[in-house]
Structures are given as C-alpha cells and as structure tokens.
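What follows are several structures.
Heads up, the next two complexes both have chain A, just with different partners, chain B and then chain C.
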Partner chain A sequence: MNAATYIVKNALRNKRRALLSVLSVAASLFLFVMLLVALREMTVPPEDIGSSLRIIARNKVSLAQPLPLKQLAIIEKIPGVEAVTPFSFYGGAYKGEEKFTSFAQFAVDPLRFTAVGVDAKIDPAELQAWFADRTTCIVGVDTAKRYGLKIGDRMRFTGQIYPVDLDLKIAGIYRGTMDDRNVFFHHKYLDEALGDPGTVGTWWLRAASPEEAPRVVERINRAFANTAAEVRAETERAFQLSFVSMWGNIKILIGSICSVVVFTLLLVTVSTMSMAIRERFRELAVLKALGFRRELFAFILAESFALAMTGALLGAGGAWWLFHSLDIPKVTNGIFVSFEVTPRHMGLAFGIAALLGIISAIGPAITVARTSVVQGLRTLD
Partner chain B sequence: MGATNVVEVRQLTKIYRQGEINVTALNLIDLDIAQGEFLVLMGPSGSGKSTLLHIIAGIDRPTSGECHVQGIDVADLSESRLADWRNQNVGFVFQTFNLIPVLTAHENVELPLLLTRLNRRQRRKQVETALELVGLGDRARHLPRQLSGGQEQRVAIARSIVTDPQLVVADEPTGNLDSHSAHDVLSILQSMSRQAGKTVIMVTHDPKAAAFGSRTVHLEKGELVD
Partner chain C sequence: MALPLKYNFANVIVRWRATLATVLGIALTVAVFVLVQALAEGIKKSSAATGDPRNVLVVRKGSTAESSSLVSREQLRTFQYYDEIARNERSEPVISADIIVLANLPRRDGKGEANVLFRGITARGVELRPQVNLVPGLDAQGNALASRWFTPGRREIVVSARLAKRFAHFRIGGSFKSGPATFHVVGWLDGGGSAYDSECWIDADEARSIFDRDMYSSFLIRPRDEASRSNLIARIEGDKRFQLRAESETEYYKKQTLTAKPIQWLGSFLAVAMSIGAVFAAMNTMYAAVGARTREVGTLRVLGFRRRTVLVSFLIEGALLAFIGGLIGCAISLPMNGYTTGTISMETFSETVFAFSITPALLTKGLVFAVLVGIVGTFLPAVRASRLPVIAALKSL
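Coming up: the complex of A and B.
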C-alpha cells in the first residue's frame, strides 16, 4: 500500500456520497461551461479573414433608417474603397408559418457582393445562374440541410419589415463562411417589389487593405457629413460589436448565474468534505497517535482535490464532448451556430474545480490539526 | 534516570479546565517503569489512569512535572517531533481497535510504516512478521469487518509492534472482547513483554486482565494509592 491507495480507498469509502459529490460538481461545471459558451456565442461575433477589410456604412440616425441609393456613386469614388454593394436586411418569415426564422435574408447586388469579398465557396455555374436571374437567391448550406432544400426549389418569405412578400428560386448553395445559414438575393428584386423607393438598408464595402480600412471609414463619414442622410461607417467587427453591446444585461445576468453556480458548488463541496472528515475523526486521531501529522492535510487535500477534478473531468469534459458531437444549429433551432468550448472555458472550469478542492479541504484540515489525539478519541468514544 | 527504567514520571500533574472549574486528573505522580515490564494501571473511572497513559505515550501533555520516556522528556518536544517520536517509539492498542475499515489487515498494520524510509518490500516483510506474531498471517487480506473482535484487536496489536517500538500502551484492550478473545490478546501482550522485552503499559478495570501484568499500580482521584 502507498499513500495514493489510502487516499483512493478513503475517497471511495462511501461510494454513494462520492458519486453524488462528483456528480454535483460535474453538473454544476457542465452548466458553468454551457453558460460561458452561450455567452461567448452571443457576445463574440465570429471573425473570418475578410472581416478586417470589410466596412459597414449605415444611417447615422439609426440602423432602421434607410440610406439613399444615390450615395453609391459617391462611395465608389472614395479612395481606398475597392468594392461596395447595397446590403439590406429583409427579415422575412420563411413559409409564413414560423414564429422565428432562424436565418437572415439580405438583398444585395450580386456582382458587387462577390467583389466585396465573401469567404463563401460556391459552384461557379451556380453563381452565374444567380447573377443571371434576379428572382433567384443563394442559400447557406446549413439552411439548405435543415429544410431539405436543393437547387431549383422555391423559398417563400412573408415580409415582416417590408410590406412585400418574396418568392425566390434557389440558384446555388454556398458554404465555408462563419455562418452558413443566410439567404442572399437581388436588391433589384426587392426594389421592384417595393416600387423602386431608391433606398438601401446599409452599404457594405471592401477596403483596399486592413491598414486602409480606418482611413476609409473616416473618409466615408466625412463625405456625408451635414447631408440629409449622414452615415456612420465602421468596420465589420465594430458593427458586430455594436450589437453585442445590446446584450449588456444578458452578460450581467449570465455572469451572475455563473457566480451563483460556483458559490453553490463551493458550499456543496465544503459541506461534503466536512461531513466526510467528521465521520473519520476517530480514525484521524488514531493516525495522529501513530505519528501522522502534515500527511493528514495532504490526505484530506488530495481526496478533496481528486473528487473535484473527477467532477470537472465529467462536467467540463462532458460539455466539450457533447458540444463537439452535437449538431448545435439543428438542436438549438439555429439560435447558436458553433457553440464552441474553448481552451479558456476548460481552463476556467478546471481552475474552479482545483480551487474548490483546495478550499473545501482547508476547513476540515484546520479542524483536524487543532484537535488533539485525546480530544479526537474522546469525542467519538 | 535508572539504567533499566524506560519510563520515569516525576511530580506529574494534569489539571483540566471544565468551564469555570479546574479538575485535577493527576496529582504529583511519581512512577518508574522498567524495561520489559508489563505494568497494569487500575482504578475506578475518572481516577486518571488513561490520562497518565496518554501523557506517557505522548498524546497528551502534563500541566506540570516531568515525564521521561527512554531518557526524553516528552513534555518538552514540539508537536512535530513528538509525532515522529511516537511513530518510532510507541505502539498503541485501543479499546475499540480503531482499525481503518476500508483497509485490509495487512494495510492497517502497514500504516505506521508509511512514515518510515522502508521500501515496499521491507514494509511487507515487517507487516507479515507482525501478523505472524499475533497469529493472523492467514488473515492479511481480510477487511476488519471480516474479522472477529478478537482478531481485530490482534491486528491492532500487530500494528502497534510493526515499527518495533520499545513501549506499547494499551487502553482497555479487552474491554470489547469476550473472555476467550481477551485471554488471547492478553497472552500476546504478556509474551511481548516477557519474550520480546517490550515495555507494556495497560489500563484496565478487569482484575483478571490485570493478572497478566508483572506489576499493578492503582490510581484513585489522580493519585497512586500503592
């Protein structure tokens, strides 16, 4: 026998309690990791290679306010602008029967859109077919899979923002972007349906280089300053982060829940370890009589640490395994796209488990250290 | 200290504080115990016999006086040195056996050896020898719950002698045993004293158990009465 054997045998002495302790740590850390992943998914926009080049220009008053189409000619001439496309969020309900449509639809100028630099991979023939017919659209592979759509199928949308419904034919299916769910269709088709209002939702641009992007932003803002439709241009990353700021309260809420989870977990493990040690007080007194002293603290710490880390392995490891194995977009009805458990999440979960192991061992260890052999034997005799 | 005395107690006093009241458990005790002696401490409950045993064994400290064991004043040792000293010099046998229920007889006996520098093979050899000495060589893999009370106490005796200490202290070792098992346990303690030359100090209420000792000392109200 060695010290490890003794620790393991002690930890498994009351198997049911050990199992319940491990499961309580595991369940709590699973929840903790899940919340962190959800928070990340909601607050950290996915980044791709082109995001440092792309710029969004919207109405300075509000995102909901349209911009005049005539701005296109001015933007095109701004130094550093490589390409620009109108980019309007349509926001229709697919099939008119869903309360919540899990994918967005954007009206764009297809030729300009591809020039702006989408990271999407699409068959060139399908792309040409989309260019050629203004009633067609391209669909992300995730949405196509989810609804069993194929090229040639029709997608019908009921307008929720615009007072027009759209009937689009699928010309191509793309993949390879950070979010392969969206539908892109011809802005002209939307304009025709709306009676050519001469407006767009936003402008989507491509700068000549990442270094040039901030200067392009400044030039665009300056170009439309003191006009009837002032714009607010920003990099794609900044634009996405402006949405994130809307999640401010959610961040606090999730942060609070995480704190409560960790605190409750601490109470549970401290209570469990205290109970386990209290039951063994006589034995620990005997071990002290036999000459054990600092070793007892090591035994208690190791036992507590082992239980907490086993819980972390099951909880955080289980979350990692589960979220990697599941088809998250399908399971979450498209609300979450990647739901990735990052090394930081794992590190946090295991760090918390290690801390729990240490903190929950301190109390019982101090009690054991302060109690004399005679007290220990007398208390339980 | 006399050449053959393992224990020398001088003017030993132990006072417990219970709330506002001071209770004198031991009052100016003088006692010598020779090497190889099997000393029996007898007396009514609360007479201080267990307290005296605990102080000699280094698990309690006197209020005043001296307690020399093998020439060392145990009251002067720090907690950590006292723990080391106990591991090397004292074997304990308790009334309730106090074996670790999740460890086998072999592992229970091996426990004190985990604090030594012995390797696994050396430890195994010593444990086997100790178990053979108490007649439980064939019960090494048994858990305490698979043993009778007498066998459990014999395992506890094996644990007390596995480090080869000079002093073995036994606090009511037969208190939880039937007469047959008690006889076996007392015989082992007696042979440890007579044949192995260990100094054994035993606390008991039982005159029959006391008969196994080489000398009996009576305590009453914290004082030696003969």
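Coming up: the complex of A and C.
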C-alpha cells in the first residue's frame, strides 16, 4: 500500500460523510459561480470590435431627454464620422406582455442604420423590402424564434414611453449582432405617428477607426457645448458601462453574499475535516508512535484537499456545464443573455476550494501534533 | 413515553464543537434570506407609504410610469374648473401639474453617474403632499443650515436629504449644471420614507422651459370629498378626448412593484440554493451525532423507549439546532434594519433610495425556514438512529 491509496482509503472510509462534504462544497461553489456570472453579466456588458468603433450621443441631461433633429446636419459634417443614424428607444410593450417585454425596439433611419451597424447579417432582398416600406421592421433571430415569428407577420406594440401605439410588419430577420433580440423600424413612421415633433432619442454613429473614436467623441461634445441641447457622446462600450453605476448598492450586495457563501462553506468543511480526524485519533497516535511526524500533516492535508477539489469539480464544473448547455435567454425569460462562465470564475472557484482544503487541514493537524501518543491511544472514539 | 426536551438541549450544548459549524451555517443562510427579503420589503414599503389617500393622480393611458406620461396645458386649464376639485382658503383649485425630468448627475463618491428624478411642481404641489417636509440640511463644510423652498424663476432646487448623501453638489449652497441651467440647492426635503425621498423638487414651469418640454407629466388633484373623488375619476377616465388614467395616488404607488420583484426572486433563490448546502452540513453533523451516541441510543431502547420516540427525539434535536441557527441569523441581520441603500428603479429609471425593512413576519419566515432545513437534514440520520439494532448498539464502542 502506498501513500496515495492510504489517503484515498481514508477519505472514503466513511463514504456517507465524504459524499455529504463533497456535496455541500459543490452546492456552495455552484451558487458562488452562478452569482459571479450574474454579477458579471450585470456589470460587464458583452464586447465586440464594433463597440469601440461605434459612438452613442445622448442629451447631456439624461438619456430620457430628447435631442433636436436638426443636430443631424452638424454631426454629419464632423470629421471622422463615417455614418450616423437617429436611434430612439421606443420602449413598447409587445402585445399580450403588459408588464415586461424582453426585447427592445428602436426607431432608426434604415439606410443610415445599415451603414452604422455593419455586423448584422440579413438577406439583401429582405433588407430592400425593409427600406421600401416604412411600416415594416426587422427582427432579431432570437426574438423571432421565441415568438415563432416569420416574415410578413405583424407585431403590435403599446407605447409606454411615446404616446403612440405601433403596428409593424416584419420585413426581415437578422442575426450576427451582440444581441439578436431587438426590433428596428423606420424613424419616419414614429415621427408621423407623433406628428413630427422634430426630436430623436439619441444619435448612433460610427467612427472611421477605433483610434479616431475618442477624437470624434470630443468633437461632437464640443460642437454642441453651450447650445440648448448639449450632447454627451461616448463610445458604445463606455455607454454600456455607464449603466453599471446606476445599479447602485446592488453590486455590493451580491458581492457580500458571495463572501458569506464562501465563509459558510469554510465553516462546514472545517467541521467535517475535524470530525474525520477526531474519529481516528487512535490510529494517528499509532502512526505517530511508529515514527511518522510530518507525513501525518501531509496525509490530513491531502485528504481535505482531495475532498474540497472533488466538490469544486462537481460544483463549479457543474455550473460551467449547465450554463453552457442551457438555453439561457429562454430559461431566464430574456433577463440574462449569455451567462458565460469565464476562466476567471472557474479559477476563483478552484482557488477557493484549494484554500478551503488547506485551511480546514490546519486545525486538525495542530490537534494531532499537540496530542501525545499516550493521550491519543487513550481516546475512545 | 417521549424523551424529555432537556435531553436534546443538553446534547446540543455538550457537543457544541461539532454543532457550531452547522448552527453558524444555518445562521448565515437565514441572515442572507432575511436581508435580501428585507431589501425587497423596503422598496415595497417606500412605495406603499407614498401618497395621500385623498389625492387623485392623473397620467396618460398606457404609460407605465409618471416619467413616461404626458399631459397637456389645455387639460390643466379644463380641469381647473371642474367643481369636484377642492379649493383652498384663497379659493384656488387644489391641483398641481407636475413634470418629471431625469437628470444624469455624478455620485458623491466619484464613482460614476446615475439618473436623479427631478419633479417640477406648481404652486399647490407642496400642500398636496403633507408627508414631504423641509429638514435642516448641511452645507459643503458640514454646518447645519435651515432649508427653504425654491423661489420660481431663480434656478433653485430642493433635494431629498437621502439623495444628498449619495450625489455630489447636493449640499445646501451647492450648485450643478443640468441642461442649459445651473441649479442652486436651497433646501433638503424629507419624504418620511416614501418614494418622494428619491426626488428633487423644482418649479414646474421653470423646468418646462429649461428642459424644453411643452407638456406636463401628471396632475395631482385633491377632490372635495369621497363622492366627488369617484365622480372625478369617472369623469376623467370616461372622457374619450383625454385618454387619461385617474386613480387614487396611494393606489398608483402601491402598484409600483417592478423593482422589488427581481430582488424578492433573488432572495428566494439564494435561500433555496444556500439551504441545500446547509442541509448537507446538518446531515453530516447529525450522522456524526448518531454515530457517536450509538450506545446511548441502545441504552434508551433497552430502557423501553420506542423506535418512534428515538426518531422524534433526534428530529427535535435537529430542529432545535437549526432554530438556534435561525435565531443567530436573525440577530445578525437585525442591525441592518433601517439602513438606507439605493439602486435603480425599474419604474422611473432613476436612483431610488429605501431602507432595509426587517418585519416580524420576515423574521418568522426565516425561523420557520431554518427549522425546515434542520428537520430535512436530520431526517435520514434520525431514521438510522431509530433502526439501530439494540444488542449491536450496546456492544459498540
């Protein structure tokens, strides 16, 4: 019998306890990974190359404040601006979904829009059909799938932000963007319904190159400084990140829950390990009498380490597997889109498990080291 | 015959070293459950505490929040002459046309920006909301200063005292730019734990000109009495020209639960997930307890205690253990009661501040939950204890 089999045999001599310890570590690490992923999804929006190239210009007061349409002519002339489109969040409730609609609808200028958002893949014929009819829209493939929509279907919306209801015909279905859920339709159609108020929600533009983007941002901000409608332009990335600050203390809350989970985990594992060691005080004393000293600590450490790691494999690995194989947008009703478990999350989970294994070995190891052989042999249970 | 409870008490205490981790594990699970639910409770409480039952709030049909509602000046002019509306001592109709503007402002800690809700109110706006009062504020140096209401036309603003702790330039005497105007803070308001604690008030018509808005957002009306209130609601809702929704102000705010829902959901989810871990831990402890007390159980059986009695006794012990854990959990969470925190409101899309609200009902729920975890975790070990063969149990070391 070598040392490894000895450790494995020891860890499994009370199979029920080993299983329960592994499961409690697994359950907690599963939760831990899940919280981290949720927190990341809330605070770090998905990123692609386009998001550093595209710029969003909103009213400096806040996103809810509209911008005058006449700004378009000025923005177009700003050097470094490749393309620009009005981009207004319509925020309608999809027919039958009074409380919460899981996808956004944006009013855009279709021709200009295709020049800004180049990632979207769509059949050219469908695109032409969209251009041609101002009562039509294009729908992301995720939303189309979710509601079983096809080309030619109608979508009815109740205006929650704008005081008009819209009835849109689907001209095409696109895919290939970061978020294939949104609906895009003609800004002109919205304007007509509203009686041409001469305003837009935001401007969405594309800079000539990522290097040029910060300078374009600067130029736009300067162009409208001290006008009636001052503009705050930022890259799409910065814009998305600006929402993070709005979550306020919720971030801290989830962060602290993560630490509580880890701490609880620690308690449970430590107590299990000390239970396991107390049970075999006598034989540890025998081993001590035979001359084993440092090896005893190695045995204890290896055992608790192995238990914790198995838990991590099950919990964090299980989370990774589950979130990869589940259709997250469907399960969470569109609240979470990617729910991606990153290598960092896995690293953290396994790091915690390793630490757990080591910390929970320390207590029992000290007791064993302190106990004299005679004392150990005398122990009954 | 049942085993005395004292037996279980003594056991839990004697074996404290082994049970401590389980008790603390359950305590932390309960604490997380109670705290997250207290958060949701706080949000609900703040909207439920908002408004005066005598008032009627009028918004656009279809809008989900006041901030996305639009009502016109013509409508204001029409409503002013409705005789259902109460009149004050100067015989002016008690109606306020409000305008809601969201302003993106920097946080006090310098970490980013968030939307703040500005409410523009007309002359009657303050008397319609008796729960909102001015409170002494602080200036930039931290000296206490008296508050006063804004003077229309002078770009003055009264900010919520609770928001003042969270946003930059909100001290009295401070000023900040939003749109083409520079606002001067002249007072702090206290909404008495209502949704008004998440607002800043300015003059409505000044706000309309600064933020270039033609329309108001909502009307708040005080009807003469009960009867004229229902008449007024029927009259406004029934008029097809308006396309407006009228309802009691308190009812309107009570329905604002969009922000609390996901937090409540998170709380329940966390409780379930953490309790799975806690059940495993409780099982471990109780199996160990049964193992260590094999002889004791044998002795009890010889003395004539029945299998069922032993089973119940162990279950009680598990429940007791968990109950102690639950009590500790509640005790851990209690100091957070009343602590003010904030997040984005899903209704207004602006910063909403509220206090953790730990209610007796919530604590009871936490304790029941803990006991359930204890019983579930103890069940299998207890069954094992009750099935121990008497002779073998007595022989074991």
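Everything that follows uses one rule, which is that the second predicted complex is superposed on the first by the 375 of 381 C-alpha atoms of A that agree within 3 Å, B and C clash if a C-alpha of one lies under 4 Å from a C-alpha of the other, contacts with A are read in each partner's own complex, and residues count from 1 in each chain.
The working rule: a residue touches a chain if its C-beta (ideal position, glycine included) is under 8 Å from a C-beta of that chain, and two chains touch if they have at least 3 such contacts.
Since the model is a prediction, treat every value here as computed from it, not as a measurement.
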| item | value |
| --- | --- |
| First, second, both or neither for A:S372, with chain B first and chain C second | first |
| Which superposed partner A:D133 touches (first chain B, second chain C, both, neither) | neither |
| First, second, both or neither for A:R282, with chain B first and chain C second | first |
| First (chain B), second (chain C), both or neither touched by A:E340 | neither |
| Partner chain in contact with A:L265 - chain B first, chain C second, else both or neither | second |
| Greater residue coverage of chain A in the superposed arrangement, chain B or chain C | C |
| Which of chain B and chain C A:A27 touches, first, second, both or neither | second |
| Chain B versus chain C as contact partner of A:E212, first or second or both or neither | neither |
| Set intersection of chain A contacts, chain C complex versus chain B complex | 381 |
| Chain B residues touching chain A - in the complex, by the definition given at the top | 54, 57, 59-60, 79-80, 83-84, 86-88, 92, 94-96, 98, 100-103, 106-107, 110-112, 114-115, 120, 159 |
| In the complex with chain A, residue positions of chain C that touch it | 17-18, 20-22, 24-25, 28-29, 31-32, 36, 39, 60, 62-64, 67-68, 70, 101-104, 107, 111-115, 178-180, 211-212, 243, 258, 262-263, 270, 273-274, 276-278, 280-281, 283-285, 287-288, 292, 341-344, 349, 351, 397 |
| In the complex with chain C, residue positions of chain A that touch it | 16-17, 20-21, 23-24, 27-28, 30-31, 34, 60-65, 91, 93, 99-100, 158-161, 163, 165, 226, 228-230, 232, 242, 244-250, 253, 257, 260-261, 263-265, 267-268, 270-272, 274-275, 335, 380-381 |
| Parts of chain A lying in touch with chain B, wherever the complex brings them together | 1-3, 5-6, 9-10, 12-13, 282-283, 286-295, 372-374, 377, 381 |
